[in-house]
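Multiple structures follow.
Two complexes follow with chain A in common, the first pairing it with chain B and the second with chain C.
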Partner chain A sequence: MMKKELVIIGAGPAGLAAALAAYEDGIEDILIIEREERPGGILNQCIHDGFGLHKFKEVLTGPEYAHRYIDKVREKELEIMTNTIVTELTDEKELKAFNENDGILHIKAEAVILAMGSRERTAGGISLPGDRPSGIYTAGLAQNLMNLQNIQVGKKIVILGSGDIGLIMARRLTLEGADVKAVLEIMPYSNGLRRNINQCLVDYNIPLKLSQTVIDVKGEDRLESVTAAEVDESFNPIEGTEYEIECDTLILSVGLIPENELSKKANVQLDDTTGGAVVKDNLETNVDGIFSCGNVLHVHDLVDFVSDEAEKAGKAAAEYIKKGHKLNKDNIFVEAGSGIGYVIPQVISKEKDQIFSMRVRKPDNEKTIKIAADGKILHEENFEKVNPSEMIKIKVSSEKFKPLEKSTIKVVAE
Partner chain B sequence: MKKQNYDIAIIGGGVVGTAIARELSRYKTDVLLIEKENDVGQGASNSNSGVVHSGFTAPVGSLKADVCMYGNSHFEEICSELDVPYEKTGKLVVAVEEKQIAELYNLQYIGRKNGAELYIVGEDFIEEKEPNISGKAAMYSPNSAITSPYELTIAFAENAHQNGVEISLNTKVVEISKKNSKFSVKTDRGEILTDYVINSAGLYSDEIAAFSGEDRYKIYPCRGEYYVLDKNASGLMSRLVYPVPPENAGGLGIHLTPTVEGNILIGPSNEYIDSVDNEATTKEVMDKLIKEARDFLPKITRDMVIRSYSGIRSKIVPPEVGGFTDFVIEKSPKYDNFINLIGIESPGLTSAPGIAKYVVEMIDEMEKLREDKDFKKTRKGITKFYELPEEKQKELAEDNPNYREIVCRCENITKQEIIDALNNPLGVQTLKGVKYRARATMGRCQGGYCMARIIKIMQDEFDMDLEEIKLEGNNSNLFAGQAKGWG
Partner chain C sequence: MTEEKDISCILCPNGCDIKIKYLDDEIIEIEGALCPKGNDYAKQEIKNPMRTLTSSVMVEGGDTSLVSVKTDKPVPLEKVMDIMDVIDDLRVKAPVSVGDVILDSPAGLDCSIVATREVKINI
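Our next item is the complex of A and B:
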């Protein structure tokens, strides 16, 4: 069995940043495992720009952003094992993996960082009704086919869901000569970034139809049309509002699901809301020495924040390896209260300054986010605008936690 | 079609048609199987619960009861010969209310008359065996089992094919007429002559039967919708869980079925529809499936669903008549050597081996069939790499690098299995053909990860053009072609 101090599963933005952070903190025996043929993760197919504004104060494309990290990882000669798929992970941090050179591999790690990213919600996952013809693709798959394999998925397109990949693909497919007829969004607001709505839809005269969804799909072999309809507040179609859109392709951009199948095998406890691990403030899961960061922990809006989070996980894993034991006594539970979808981390210690990452439940103006415990407000911040598509980060000094007696703090938006 | 003359033509490549083809391939006779789709099993054979029934719903003495019982007692052996998954899970028919318990005794009475092993069990038994299932009492059937209906249909076809049966896919029968002592079968790909016609055309069996002068039967399509749950939910139950059959519903009621792949199915619903090929799913029914499934298994949630699909039963009574109808397997009124199989619905999968035997005996009575000493009863399916013990995995991976590459990460399917699926003896090269043979794209990501990889294998290893890559049917092209600015 191969032995490694630190194994990182996934060489996307999370895995790469985590590796570099761990290296900077003195860990050299690192193995990054990547199932694709090259590192970079989903960034490799994100050939549009807009990455790196926070992290590098520059506008980069996905591959450029990835290369900022890949180049450093290569410079430090950290090992990336590509074309390698991990199929098993235990809570003893033993991994089973496959690749073309080695066949079956068994690896024992002192610490593991989960950085597997997310997968897309599918037609089955949203119970898309109607026929099941060809021509229905998730947005990320269509992006992969188009940008990495130069395959045109279709000519007359309807996009369901206004997540960022869907918006980006509306523009991308238009540039490839396809007719993007509409983007339908079941919510009364878009789940995509505001800048993407402007740059990908408004600039190309692609209509965004809010509070609408697809209620029927027709096509015996290839997709022929979809029926759209308006929905009421409980998302039920409103009778009489149906209309048919002729199309050969339906692109689904209906959400990402953290890819935690391996985490489950290692008995990592998951949060029902995020779909990712329940983590402490150093991003360690309930399993000793297994850390989680990036989209496998919770779905991020910006890759810059993934890098920040991954650096934290890398540092924590380095500390864990060096100290070889439980790091701190985390004992305060963090709960999402009214108006808040989720908060990460879910468990914190009193001794450290904390950064909470959270999303609000619905878009609003003039909101105050309050962090409270023992009936007292520890910290509050005002926001002119809040939007579920944009992650909010709030920093709170450890001074605020020290006097706490109760073991739960609550975050609310009022 | 390679020849002009055949002894026997089977029309319809569902599980019944392919089972008959395999049964006939034991004998020295020239058999042609005609299927209009580009793969076998494209109708109800692909889209049912995959259950091997133990025979307690059909009345004693009915043909349905006989062929079902035959199937139940021979299924394990057949699956082992054909390398098809089979798992004797047992079944609980659960009474959720006290007043349904009497009906359990009635089912047990019928079933025992048919020769099935059945017990009435109480709440404690349910609690112990299936702690997540709620019910007052149940009938327990230890011999109920599950199989893979698509793998079985493919296996019947492949075994028949290796024993000399010709299988002509993409071939649609347009007319059958008597020409001297033979039947002329005209298809959209030419005409053949044959001594016998076996009509196992499922939903189209009434149309085919009309060519033999049989006009008493009409098929009433009855759709059943299903949900497939993520393998993560498989720990919720391990046996088949059925309701007490609803009165006059024409179906077995929405049940919970573990699959051999490790998923759970919810369904099927029961809805008469106008068209025999409308396999759509509907929001109303899908909502109902979840609701009714939760009556037994409250832990089921919507986010466990990874897929919905539907299949269509070929019923021979309209909804207003309902009730029990037997399978119709008989010579046509005009011609002895034109055998019609009509109304073969549930338990059609379980009954297929018995039906095949029954049909072959009908032919044997008319014309003594001579056994073929070279008949090979075994067929080898695709090696399922990830199910093997690790030493065996190592051995295979040592010799063949294609076993070192996992293409479908949900189901852990290797590149070699994809290649094997594309190299199938029937020559099927669609994405769904790969799905039904190797299980790739069947998992929770529904091809989100592996589809692009399978496409690449099709292009690199099989020289397929992008434009000819299809999902399933002949017009189901997946792509519009290369993107602009390429090359």
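Our next item is the complex of A and C:
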């Protein structure tokens, strides 16, 4: 059995940043396992710009952002095993992986960082009605085909869902000569970043149809049309509003799901709302020495925040390896209250300053986010605008937690 | 007549909503930006919107068939399709490094097309 101090599963932005942070904190025996041919993860196909504003104070494309980390990983000579799939992970931190050259590998790690990212919700996942001809793609798959494999996915396009990847693909397809007829969004607001609506849709006169969805898909071999309709407040189609859009391609940009199959095998406890692990303030899961970061923990809107989070996980894993035992007594539970979708971390210790990452449930103006316990408000912050698509981070000093008696704090938006 | 426009700044994830009032080329009032860059952006949007174009170029003999590219500075939005036409016909030979200039002044514009990823030679 191969022995490693730290094994990181995934060489995307989370895995790479975690590895570098652990290395900086004195861990050199690191193995990063990547199932794709090369490191970089999803960034390799995100050829648009807008990455790195927080981290590098400049605007980079996805591949450029990835390259900065890949370069450093190469410089430190950290081992990345590509084309390798991890199939088993236990709570004893034993892994089974395989690739073409080595066959099956058995690896025992002192600490593991989960950095597997997320996958896309599919046509089946949203119970898309109608036929199943060719021409229905998830947005990330279409992006992969176009940007990495030079395959044009279609000519007349309808996009369902206005998440960022969908918006980016609307522009990308237009630039490559396709006719993007509309972006349909079932919610009364877009789930994408404002700047993407502006530079991807408005710039190219692509209509964004809010409170609309696809109620039928028609086509025998290739997609021929979709039927769209307006929806009411409960997202049910409103009779009489349906209309047909002729198209050969339907792109689904309907959400990402953290990819936690391995986590489950290791008995990592998952959060129903995020789909990712329940973590302590050092990003350690309920399983001793297994940490989680990036989109496998919760879906991020900015890669810069993924890198920050992964660095934290990398440092925590390094500390764990060096100390070789449980790190701290985490005893305060964090709950998402009214108006808040979720909060990370879910468990904190009183001794440390905390940064809470959260999302509100719906877009709004003039909101106050309050962090309360024992019937008292520990911290509050005002926001002019809040939006579920934009993650909110709130810093709270440990001073505020020290006098706490109760073991639960609640975060609400009022 | 004075005109009014709401502009969402695209420069950073803050995405400030900027209100701008103007008469022809003259700015009368501008508010809503969290930083001065936002004001400049809004003024530019009124005059002549500028965008960084990202796309990909075909590679010969590389370990991937495409190299992702960008314009090294923002170009007028109305010229973006002209550059896309040029990019369509471009071919580049592997290897390519990040930052390599693929083409100078595409469509006669004051910018270069540069590579944003590396492509190794296919062995």
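Throughout what follows, the second predicted complex is superposed on the first by the 414 of 414 C-alpha atoms of A that agree within 3 Å, B and C clash if a C-alpha of one lies under 4 Å from a C-alpha of the other, contacts with A are read in each partner's own complex, and residues count from 1 in each chain.
The working rule: a contact is a pair of C-beta atoms (placed from the backbone, for glycine too) under 8 Å apart; a residue touches a chain by one contact, two chains touch by 3 or more.
What you see is a predicted model; the values in this text were computed from it and never measured.
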Which of chain B and chain C A:59 touches, first, second, both or neither: second
Partner chain in contact with A:203 - chain B first, chain C second, else both or neither: second
A:35 touches, of chain B and chain C: first, second, both or neither? first
Which superposed partner A:331 touches (first chain B, second chain C, both, neither): neither
Which of chain B and chain C A:149 touches, first, second, both or neither: both
Partner chain in contact with A:195 - chain B first, chain C second, else both or neither: second
Greater chain A contact set [chain C / chain B]: B
Contact residues common to both interfaces of chain A (with chain B and with chain C): 148-150, 176
For the chain A and chain C complex, residues of the former touching the latter: 44, 47-50, 53-54, 59, 61-64, 67, 147-150, 175-176, 193-195, 197-199, 203, 301-302, 385, 390
Interface residues, chain B side, partner chain A - complex: 227-228, 232, 277, 279-283, 286, 302-303, 305-309, 386, 390, 393-394, 397-398, 401, 403-406, 409-410, 412, 444-449, 451-452, 455-456, 466, 470-484, 486
Partner chain A, residues of chain C touching it in the complex: 7-13, 15, 17, 49, 51-56, 58, 64-66, 68-70, 77, 80-81, 84, 98, 116-118
Sites on chain A touched by chain B in the complex: 35, 83, 85, 87, 98-104, 119-120, 122-125, 127-135, 138, 140-141, 144-146, 148-155, 176-178, 215-217, 220-222, 237, 248, 261, 264
